[in-house]
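Okay, so chain A shows up in both of these, paired with chain B first and chain C after.
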Partner chain A sequence: MLRKNLIIGVYKEPDKLIDGVIKLRKQGIEVFDCFTPFPVHNLDREMGIKRTRLTVGAFICGSLGFLSGLVLQFGMMVFDWPMNIGGKPDSYLMLPSMVPVTFELTILFTAFGMGILFFYKSRMLHGVREDILDIRQTDDTLLLTVEADKLNGNKQDVLEILKNTGAIDIRDHIRQH
Partner chain B sequence: MEHHYITEIQDEKYLLTNKTKGILALVFVVGLILAAVGAMNVKSQWNEHDGSSTTLTKTEKTEETHAVANKTGHVHEKSWVTRVWANFLMNSYYFMLFAVGALFFIAVNYVANAGWSVLIKRIAEAMSGYLPFALLTIIAVLAFGKNEIYHWYQYISNDFKEGSEGFDKILNSKMWFLNKGYFLIGVPAIICIWILFRTMLRRLSLNEDKEGGVKFFNTSFRYSAAFIFIFAFSFSILSWMLMMSIDAHWFSTIFSVYNFAITFVTGVTVIMFFTLYLKSQGYLEVVPDDVIHDLGKYMFAFSIFWGYIWLSQFLLIWYANLPEEAVYFNERLTPQFKPLFLTNVVMNFALPFLILMMRNAKRNPTVLMVAGSIILLGHWLDMYLMVMPGSVGEHSGIGLLEIGTTVAFAGIFIFIVLWGLSRAGLYPKNHPYILESANHDVGV
Partner chain C sequence: MFEAPIRQPLILGDKKFADVSNEICSPIENKPTKAWWFGFTLSFVCLMALVITLFWTVWTGIGTWGINKSVMWGWDITNFVFWIGIGHAGTLISAILLLFRQKWRLSINRSAEAMTIFAVMCAAIFPLFHMGRVWVGPYWALPLPNAFGSLWVNFNSPLLWDVFAISTYFSVSLLFWYLGLIPDIATIRDRAKTKARKFWYGIFAMGWNGSARTWHRYEVVSLILAGISTPLVLSVHTIVSMDFATSVIPGWHTTIFPPYFVAGAIFSGFGMVLTLLVIARSTMKLENYITIGHLEAMTKIVMLTGSMVGLAYITEFFIAWYSGVEYEQYAFLNRATGPYWWAYATMMFCNLVAPQVFWFKWCRTTPWFIFFMSIIVNIGMWFERFVIIVTSLHRDYLPSSWVMYGPTWVEVGMFVGTMGLFFTFFFLFSKFLPVINMAEVKVILKSKE
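Right, the complex of A and B next:
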């Protein structure tokens, strides 16, 4: 179990939250995460979040689906048990008739793979304990969290910036996992 | 606040310099010369080709041709002129698709209330300004080239009675649609309707520049909705009349959707090219990368759409294998056309799909231009495969004539578009969504 000491700033307005993020990062303090009940424009950019690699996962899953579609149909219809359906060739020339199934399997694998990967990466799999930092985050407030252990003694700066940018509440929190 | 929001758009005007005009004139002249040289080559090789392809002596050959002519009644002996006109039709239609694709792009963005495309709207407007010239070229085909290209037109000129020699049941049953009146009046009428809508939308856009206010947007919205409705029917009819009727015995219900896919993907690609060109010339500085990214998404998406429609047309016909449908692909799977037929799918679906898949590819001008060139060349080939096998047949080929005609058309098209751009400000400055476009952001 990973323990994390977090400093939480509770905001009411997205603009103030972004302001806080910008000012913190200007001081060289990395923001651990932000929790918002709705998408906030430009927040990801200001937080310096790297682009998701989910798309790479999607491509790999899709390629897997593409290959399994082809292998499935070639294996069955060409190698294992060649069948003559409607006078169509039973060699690789039957490729056009394989397109729909290959297409469907590509989509299926991509969708499932991406969904599972997303849930895995965002810790929303079954059995994972939920971790609500502040009960108000499920309502209309926005949270800005900073990892206290990674600060080199400038915790006062963080508290000050949070306060000055308009956080309505500032708390310490120990995250248990 | 430290966010950088654009709150004001400076007016910009494109200046069509004499140098650019000169280059385009040169392109046009070079294209014409190439086409003329190519046509002469085709003319001189035409009879040679005949001699080499058959062992019959000349008299025998002529007799045979006459026999065939008497039997089917409407065989018009193909000459090199057929190839010239087929080329002309192909390019007229291809470049018209850019224009009408751009018009559709404007309309669909109005109807969808889309804000991101506002900054590049003037490019699409300038492209749709090519429609009157397209009308002229299509009328030229209707006036002089129809007997060379459309064999059904030769057939209906003869007025065969049922049971008489040369009577063609299929063509006869289609005469309610494929007849002189519909063909010669309908086709220009449809393009005229589009020009009408284009003029209205353009005028509203220019008046909006002068006066401002939301009423122009609202009126444009209504015109756009009407245009999309009318476009769906009129474009289908036009594609049947001009393109599908080349193979008059054949039909495909998805053919007009197939043509629409070409229209949209090529239209968006050409808009992308003009945007990048103007950016490289120092104009359109305000246009963010995100707008170009979205154009790239359109290119990517509609290449896939084209592939989907292509397969829908091919797969059903291939699987059902009915003679009256399969004849179209039979003609295109001969040794002469088969390599082009396969290249077509690779260039228009596989390559754009793989090249444009990644996010960074859609934001990189070089990659976009490579993919765009592949798409434009690929759809040129698509047009070639639509027109040539049915009209010119085994005598067709890609030579100087084909390249020259396209280069000449491209010269005129680019000139008309740049001229249209220089006639008005580069930005529709009073458009209600212009700041949304300038601050367009597709995220990390």
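Right, the complex of A and C next:
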């Protein structure tokens, strides 16, 4: 992000930020990204962010957990070393006893699979250096950024819209290497 | 969206976004108060009781406990179920109330989830040390290949289900909690004035910058995690109840146990949340975030779940009579009128009768009284587990093996010690992490309840 030339609109109100996004996109100007200290309702929709496919990933991980639960228990209790304890079944008839462990492993795999996918997709890892544009963007300031290089000479329009929708400050961010 | 004019705002004091950050971060950025040091020291001393009693247990053996034949589960499993139950409120608040879109959860979910994690840690200690040789615990409890060839763990046993349930519960709760903490840790990182703080919070913030794309994924992940945590939390206490219900002991062998344990867990969990938050809101000056409205909502849940538990007690009694099984009938009669009648009476009073005061508005809105009641609930729910475990075990089918059970100093020390562990962690949490979810509270600043 820091390696791009950006025009930054600084907002203090989420409603005004959304207003800015809507007006920019009406003019055919794509918003590069917004940075907010809290989730802003509907901002993703207005920015045209496609719905994440993390849910599909979660389903696949969950199915994997479900299968591994069954494989684990069938493998150990039925195929490898059947144990008769208290006369309880050690064949496929013990399926009802397998419900709790299978269920827990489904949940475990779903949660961690999705967590890992989330961190991977968001490029988050312990010790990653944050690239923040404004020290208050995690506190009380909302930023709207537009890529300056992708504008076809309509920079003036962008500045106009940002100003009119209530940006308290408009800055240029010059590419850093 | 239409909002009725009579509704109170969720967060009082007409806060700006920056006010939230300043106020919630102030305990982290300033030196701890005297009250904090006092509480922390007291908890730490109690924690040492845990260290000593566990050392003594391992050094000498389980014979240092008062458990005997036939009361093979005593204070240890009572405490285990007690702590697991306390954990449940955290997940209920953050997951189930999220699915129901209850916005009042947002200023209490962080501390309730922290409570969940610490409570599960306390709980795990008891069954682990009850195994005796704790150093070979993983070898018994986990499906590992072992020295006897491929002799595996017994998947027909509810105790093994418990191992899976509790470890899944702990790790998923930890993930959920940490995920919620990341944006707030990033806030502290960007406010940090010392190098150490910038470094440590920087590591745990994982490079968070509040991008709208990340927030989009983040909200989806939170929702799915809430969706799977809801059946998880119900399953955990269901499985804990199966430790009892799948046995053939009169007093344990009842199908009502799973729903009754889950209701009890939520009841006791909210009791502990109230105990902690009533103190935290006044000592940490959070009255504008954790308002009387929040306390009132929680007391209503306490009353509801308390009544559900009470209904279960009565149903159990009725079914014991209706079953026509004389052992079952005797077990329940003995529970209420036998030598442990005082424990049964305490349980009935604290869990069924006492919470009915919350029908009155004054009781629901007076913090010191709510605190008092929350202690009653904690005591009552501890006694519930004691009653279920000890009264069912102390009189066997064979009258010649009837015994009484009382704890030794080691068992008492362990319980006090886990209290110490719980509160030590809670004090550390309140010093180093934001006790209120800043990012989410900023969203609802202008919302009504």
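In the analysis below, the second predicted complex is superposed on the first by the 170 of 177 C-alpha atoms of A that agree within 3 Å, B and C clash if a C-alpha of one lies under 4 Å from a C-alpha of the other, contacts with A are read in each partner's own complex, and residues count from 1 in each chain.
Just so it is clear, a contact is a pair of C-beta atoms (placed from the backbone, for glycine too) under 8 Å apart; a residue touches a chain by one contact, two chains touch by 3 or more.
These numbers were taken from a predicted model, which means no experiment stands behind them.
In the superposition on chain A, A:Leu54 makes contact with chain C only, not with chain B. Of the two partner chains placed around the shared chain by superposition, chain C is the only one that A:Phe38 touches, whereas chain B remains out of contact. In the superposition on chain A, A:Ile7 contacts neither chain B nor chain C.
Here chain B and chain C are compared by how many residues of chain A each touches, and C touches more. In the overlay built on the shared chain, the residue A:Val146 is in contact with neither chain B nor chain C.
When the two complexes are overlaid on their common chain A, residue A:Asp131 makes contact with chain C while staying clear of chain B. Shared-chain residue A:Trp81: touches chain C; no touch with chain B. When the shared chain is aligned, chain C comes close enough to touch A:Leu72, but chain B does not. Legend: residue contacts after superposition of the two complexes on their common chain; A:Asp19 is shown touching chain B, with no touch to chain C.
In the superposed pair of complexes, A:Ala167 makes contact with neither chain B nor chain C. Where the contact sets of chain A with chain B and with chain C meet, they give residues 41, 44, 49, 51, 55, 86, 88, 97, 100.
Within the complex formed with chain A, the residues of chain B that make contact are 1-3, 311, 314-315, 318-319, 321, 357-359, 441, 443-444. Taken together, the chain A residues at the contact with chain C in this complex read 1, 12, 33-41, 43-44, 47, 49, 51-52, 54-55, 58, 62, 72-73, 76-77, 80-81, 83, 85-86, 88-90, 94, 97-98, 100-101, 103-105, 107-108, 110-112, 114-115, 118-119, 121-132, 135-140.
Residues 15, 18-19, 22, 41-42, 44-45, 49-51, 55, 59, 86-88, 96-97, 99-100 of chain A are the ones that touch chain B when the two sit in their complex. Contacts from chain C toward chain A in the complex involve residues 16-18, 21, 143, 149-158, 160-161, 164-165, 168, 171-172, 175-176, 179, 182-183, 186-187, 189-191, 202-221, 224-225, 228-229, 231-232, 235, 239, 242, 438-440, 442-443.
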